[in-house]
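For reference, the structure I am asking about is given below.
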Amino acid sequence: MAKQIAQYQEGESMQLFALLKEAAAKTTSAGKPYLALTISDASGEISGMRWDATPDEIKQLQAGKVVSVKGQRETYRDRPQIKIDSIRLATESEPHDPLLFVPRAPETTIQLKAGFREFFYLIDEPVWRKIAGHLFSKHGEKLFSYPAAKSNHHAFVGGLAFHTLSILRLARSVVGQYPNVNAALLYTGAMLHDLGKTIELSGPIATQYTVMGNLIGHISLLDGEIVQACDELGFDPESPKVVLLRHMILSHHGLLEYGSPSRPQLLEAEILHHLDELDASIMTIQTALNKTAPGEYTDRLFSLDNRRFYRPTNEETLKKS
Amino acid sequence: MAKQIAQYQEGESMQLFALLKEAAAKTTSAGKPYLALTISDASGEISGMRWDATPDEIKQLQAGKVVSVKGQRETYRDRPQIKIDSIRLATESEPHDPLLFVPRAPETTIQLKAGFREFFYLIDEPVWRKIAGHLFSKHGEKLFSYPAAKSNHHAFVGGLAFHTLSILRLARSVVGQYPNVNAALLYTGAMLHDLGKTIELSGPIATQYTVMGNLIGHISLLDGEIVQACDELGFDPESPKVVLLRHMILSHHGLLEYGSPSRPQLLEAEILHHLDELDASIMTIQTALNKTAPGEYTDRLFSLDNRRFYRPTNEETLKKS
Amino acid sequence: MAKQIAQYQEGESMQLFALLKEAAAKTTSAGKPYLALTISDASGEISGMRWDATPDEIKQLQAGKVVSVKGQRETYRDRPQIKIDSIRLATESEPHDPLLFVPRAPETTIQLKAGFREFFYLIDEPVWRKIAGHLFSKHGEKLFSYPAAKSNHHAFVGGLAFHTLSILRLARSVVGQYPNVNAALLYTGAMLHDLGKTIELSGPIATQYTVMGNLIGHISLLDGEIVQACDELGFDPESPKVVLLRHMILSHHGLLEYGSPSRPQLLEAEILHHLDELDASIMTIQTALNKTAPGEYTDRLFSLDNRRFYRPTNEETLKKS
Amino acid sequence: MAKQIAQYQEGESMQLFALLKEAAAKTTSAGKPYLALTISDASGEISGMRWDATPDEIKQLQAGKVVSVKGQRETYRDRPQIKIDSIRLATESEPHDPLLFVPRAPETTIQLKAGFREFFYLIDEPVWRKIAGHLFSKHGEKLFSYPAAKSNHHAFVGGLAFHTLSILRLARSVVGQYPNVNAALLYTGAMLHDLGKTIELSGPIATQYTVMGNLIGHISLLDGEIVQACDELGFDPESPKVVLLRHMILSHHGLLEYGSPSRPQLLEAEILHHLDELDASIMTIQTALNKTAPGEYTDRLFSLDNRRFYRPTNEETLKKS
Amino acid sequence: MAKQIAQYQEGESMQLFALLKEAAAKTTSAGKPYLALTISDASGEISGMRWDATPDEIKQLQAGKVVSVKGQRETYRDRPQIKIDSIRLATESEPHDPLLFVPRAPETTIQLKAGFREFFYLIDEPVWRKIAGHLFSKHGEKLFSYPAAKSNHHAFVGGLAFHTLSILRLARSVVGQYPNVNAALLYTGAMLHDLGKTIELSGPIATQYTVMGNLIGHISLLDGEIVQACDELGFDPESPKVVLLRHMILSHHGLLEYGSPSRPQLLEAEILHHLDELDASIMTIQTALNKTAPGEYTDRLFSLDNRRFYRPTNEETLKKS
Amino acid sequence: MAKQIAQYQEGESMQLFALLKEAAAKTTSAGKPYLALTISDASGEISGMRWDATPDEIKQLQAGKVVSVKGQRETYRDRPQIKIDSIRLATESEPHDPLLFVPRAPETTIQLKAGFREFFYLIDEPVWRKIAGHLFSKHGEKLFSYPAAKSNHHAFVGGLAFHTLSILRLARSVVGQYPNVNAALLYTGAMLHDLGKTIELSGPIATQYTVMGNLIGHISLLDGEIVQACDELGFDPESPKVVLLRHMILSHHGLLEYGSPSRPQLLEAEILHHLDELDASIMTIQTALNKTAPGEYTDRLFSLDNRRFYRPTNEETLKKS
């Protein structure tokens, strides 16, 4: 596999394909045009300037394109930077699909879909299974490519499906351990809880909030989708079983302050909220620790109240007798 | 008009028709059956015991019935109480409609409906007007009998319509004063903002939260109703105009902590939130001050952060030159 | 099995053995001595008066004794009450061990101990295993009889061990699902996290906080016990591995406001905190739902922010095709 | 009307009169003197450097002066900047009054004063009217030139009077709608509520907090002014009517956290607080939306909890049938 | 000295003079008049019923009078109660001054005044000393009889002066220890900080908040008094020295949430706030501990965040070698 | 005494010895090596670049070394900067001890130790005195060189001892004024309260948090040290007197949110908490005011809720008659 951005050292010559993440045409104080660029791949990103950019370059080098770059890794104001020697668009015969250059879930789409199917068959209540089935027909494809969030946890292609499946697996061990839990309700709720993010977010690459994401939010968007599904399936959206399911979605952020219009009032809703937080926390911390040297602290993690986490050294964790 | 409960003095003989608000059959320590009763009318309520209740009385005197009572107003543990001499159900030829004995809005239903109609014609955007029309066909009748809340502000028959109309009138003066406000959006939002309470609450008398009121809440219930209305009217519930309207409803509590899943992000949504709070505060305070003597403080008002309000004396407010 | 307190109906004659939970000698306004009593068993409790109590009765009927009672179930001020006809101490030949009349964990002590042993052998780091072993030798017996809290969750005999074992089981499924978790650290932390409660609380019956429980708290008490254990085992309590373990204990309440002197800064500490909350919430809700009829709400649960939880009806949860 | 700062495009030549808002003499690393300047007019502001500034220029170009500038609009670090070709003080025969170059209220001073007079005559309680009259004689002129705040809402010349008058107009519609409101008290309170800002702030241009503004604040400053007015008018500042008026001023921020030493305890004080918030919110949002393109969000608005507001597109708001 | 209320034991005969703290005329369910009374002295209070009260008794036994009582100490609903055998007003020749029966500061008025005088002469800045002198001429007498609060800390006759003097003494040791403190400013601020309570509270006995105490509060009341004093002394209330002094008063609660309209911005203001809290906390805890047995906890102390404090046993504090 | 960094004016030639606080080797965009340096002494610090740094210079000029520097004081981006003409390591015969160039407590180590000794002899309870003695033998030397915090208050050499001694002196005046305070407990608690910082922090120069400082914190670290001391002295760490002392340490931050695992529940613990806050506040404000001109405000002080403090002018504080 080709060398990736994060693998180059200070001072080393770079030659690689990468995604053009940002590209802004600017002018020097002397009036000369240049491009301020950021290139990225699954390993990370680096910025650099294309001085004396030609009009052609300014026109072609748009964010979202894949490029072939040569240059050198340097440091500018304490941050890594690439001194660009040459840059051009990747051709048809070279790697040129942007999705090749973004981080991905640790399981393949096929594995993720197989994982979901298993739980789908465990929903032995027909109303809930039909609503879940209907909504997956409509939005399911996006689930397997979207990230679980704009940044923070599971911010990678397929992250939304991977996060959902992790929660389902934790839910299965909870169901096995506590006798009174309604498994079908918990699984349906878990499966649908974040599906509204396929409407709230713009897509897997250069993810932004849509206008309806901002004004309505993924929780109420999915609640509306369940109402629509009921209309099409012939269920009354205010009948008892649908009300229980809607409550699972509406309450899964746990606290009003976190955007849930009602707090959990069902055992299964309380469980879903805890598992959602648990999986998001673990994934956020693991991702940050992977970028941290042993004996050091991660950056402050915004979604975890700005805490920093410590990565123990080998000495601290190696077993000795 | 007949003398009402609140108008009787300590020690005075009472004779009146009233609503049986609570009626519990109990047994004395000596093993004799009795009824613990609370009777109410628009002016207030008073409790009393029916000692030595006959089996017939225990059967007939159910909460929700209208009764004819004779007795005497006394004090027991610092609270007024009626010593009941006789009590029986009101007959068909006497006042016997429970709605006669509950507090009502200061405008009649006809006046309230006329008030609404006026604003309905001011909604000059067809999508919003059709949705409003559809939802009023479906839930409008309840709007004119329901209270605006289980307790607190506007907790009287017709309170929900009266509260909504007050906001619409305040909205009209805001529209007249600030040039950039979208009047049609503000009026539609104001008109619909609390309509979900007709699903959240059980009805105008002995008002309780329904299960779906607890699990979903009036804000999300109405959002679901708008989605349903769109399906029936052929609008896309995620099209821009519907999204703006849904945002008006979803954000009208202003803060996530107060149950809105998103905070106001439109000028009109911010205005609606402020007018809702303003009208609810004024009505809560006025109701409490009406029960308070000049120079005294109201009880602590729960919905106003447990503040007490002062009713000035004549000396403090009379004009003199 | 004999009929228990909660199984008697209004008006029914009662005859049973029970624990005397409270017993206060008082005097009527007429100057006659009586006893205000509360009796309890694993199913619940009920209060009653022993009128005209003899000096002998006043001397013998002390809280903590097992008694044989006859009487009748009545209602006084909306609460159930027993009208006591006769009451005496249980004899040696009758059930007289107070532990027979308190609620117990759903697994036997033998099962709980076997469950613990399994995890103990999974701690493959010698420093942590030795500390855990040392502390279980010292405080382990109490762990299997103490409740997990004075009230709230797991407030029954063996509750502390049952709660700890549930967390260990959830931890095992987390270890299986996320690759980077240090299993030995997580298991040791989980095993010890609430062991300080055996010092903080007075015992399994009539549980109170001890003075050192109030002034120091179970978190710092156990941290002190780990330091003592290190001294006796020859480890430096400020060496890296011990520091990691102490952090697991000190941070397990998650927030400073909840009494942890530091917030979780290790992945394993964050997981332990979440699993602790998850298990405590589930057990609190299950216990409350078991006392609630279908279609009704539990009382407000203090440890869950005063929320009430809904127990769905059969109609809402039965599967139909 | 001459072209204003905000109307120039990237790359365009600029020639205009403007107010010198900031002017700092500095030295390049090569030791040459230059001036870092910011010029502003009612439309906005722009910064630029005067390289190789002469000693005369450094002496004359002081903040607060009006200048004639020629140059070119460029971009530096993502922000607009003017490349200055020439700059000199405006002469007596050119526009040279700084007040010509600051944003102003949408009504003229004459209109604002007429608006106030109308409400002044509606105060039919002599004590309140005399106090208001006295304070307007003393501080009124400043009211019509000061902004309502250092930044945020109504931060323009005359903003304080415009904000006050808007509240008075809203108050009139509240008085018309709710029967029990004391109009004279509400109008006097509204009229005086922010008058202390004429002492708290330094003036209409380059507005800063004064030392007494910081140490005492506009609320207590005006309370002190009322006490002084009473002394001069022969009223007792602790007599009932004055106490009611002082309470209106002291409580108008609504919450202790917002600097009111007591929370509203009069109906009229609660209303004043709500109207103050309503008008400030509307004006803040309108000002921000005017700088925002349709379909975009405003910057985060500090005084509105850092929310961003959305400006709908034409498609979203145009009426169609 | 005569035996006081708190010194009688359960069942003991009582005979004493006491203050009639509360006296309410009521009627039994059988229609007979009786009086519900509470009597108090410096040691505490106790309630009791005067059954079959004569019209004369009902007329004479008013709250605030001193009475001679005979009866017996009993227990009713877990609270001590006096069974009244006889009760009558104290005569002129008996102890009949209500101030004899209320708790008092541990120093005499003469001692307290001498203490104040000492600090008064330490204020070597004429403006501050004159203002302090003026306000003590006007309100000083009340200072030496009023309590420092309606309940909580220093709720005894002379408590306000005693609290103020304690702060002044602590302030002196701070001045001795830190070189940059302006002693004159700190002493003047300390001396005046709570003087507004003589207007906020109704008096030393049966202390209530006055209307102006509720609507304006002691902080703003004293600020107004300083303004008045300036008018009479010929100082400008907005001149620098007066502004510093007003800031001391306005900010002494430390936080806006505690009713200070501005937070401390002077070193001396920060110190005054801390010393005020320190002295109030110590006095509140000492008072509560004095009512608590060794080895027990105080009741929850409202003004200290509902904490309970522990009174150590002799074993825990006795010195042994 | 030689001229210090803060005493040089803009444009002045500098020649001085200083501590090299930061030294980072970097490369210009043209590929030339340079050093980014910050030098400091007790008066402050200043940054500068060493252009064209030789390999020898890059190797020798390490942070922590003392250097001899010549250059000129300039301004770069509104901050002072030194243009370095020459720089070299100080020789053995020149001032070369880093401790000479850091700010120090206003009392000498000898004075501080004498101050401590005095209080040590006032601890007349043997258990507490022996524990204090043991811990001072172990950690005392560090106490006299460490700062009291990484930044904020007392961030200078000896600051920890100076802060502790100031609290002891304030404690003595509290003991003299309130009769019920246990002096021995208060003095021992005050003496030990921050001793854990000698483990939490890395040392007197370039102070950082240690890993165990982050994961355990100085409060729990010292609690552990007390337990260890008990083991070595033969005391039971859970015996009553030790529990009281441990509570003093554990609760001294006053609030759970500030890191204390339990809130003060002893009078002495509440006093210690207040004195700790008082001394830290005074020292923080004094330090900031010393850097502020009369009539100006300090920077925002983070540890004091971001407040700014005002330094009065002479006019405001000078006495005149």
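First chain written, first letter: the chains are A, B, C, D, E and F, and each begins at residue 1.
Following the convention adopted for this analysis, contacts are C-beta pairs under 8 Å (C-beta built on N, C-alpha and C of every residue); 3 or more make two chains touch, one makes a residue touch a chain.
Here the structure is a predicted model, which is why all the values come from computation and not from measurement.
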Distance in touch steps, counted as few as possible, from subunit D out to subunit E: 1
Any chain in contact with subunit A as well as subunit D: B, F
Homomeric contact subunit A-subunit C: same or different residue positions, threshold half: same
Centre-to-centre distance between subunit B and subunit A (centres being mean Cα positions), rounded to whole Å: 45
Centre distance in Å when subunit E and subunit F are each reduced to the mean of their C-alpha atoms: 41
Computed distance of Cα centres, subunit F from subunit B, in Å: 61
Interface hub residues of subunit B, defined as touching at least two other chains: 211, 214-215, 240, 243-244, 265-266, 297, 310
Chain-level touch network, classified as line, ring, star, complete or other: other
Chain-to-chain touches, reported pairwise for every pair that qualifies: A-B, A-C, A-D, A-F, B-C, B-D, B-E, C-E, C-F, D-E, D-F, E-F
Of subunit F, residues touching subunit A in the complex: 26-27, 29, 211, 214-215
Residue numbers on subunit D that touch subunit A, as the complex places them: 74-76, 295, 297, 310
Residue ranges of subunit C touching subunit F (in the complex, touch as defined): 199, 211-212, 214-217, 219-221, 223-224, 227-228, 231, 237-238, 240, 243-244, 246-247, 250, 256-262, 265-266
Parts of subunit E lying in touch with subunit F, wherever the complex brings them together: 124-126, 166, 169-170, 173-174, 177-178, 180-182, 184-185, 240-241, 243-244, 263-267, 270-271, 274-275, 277-278, 281-282, 285-286, 289, 297, 304-305, 307-310, 312-313, 315-317, 319-321
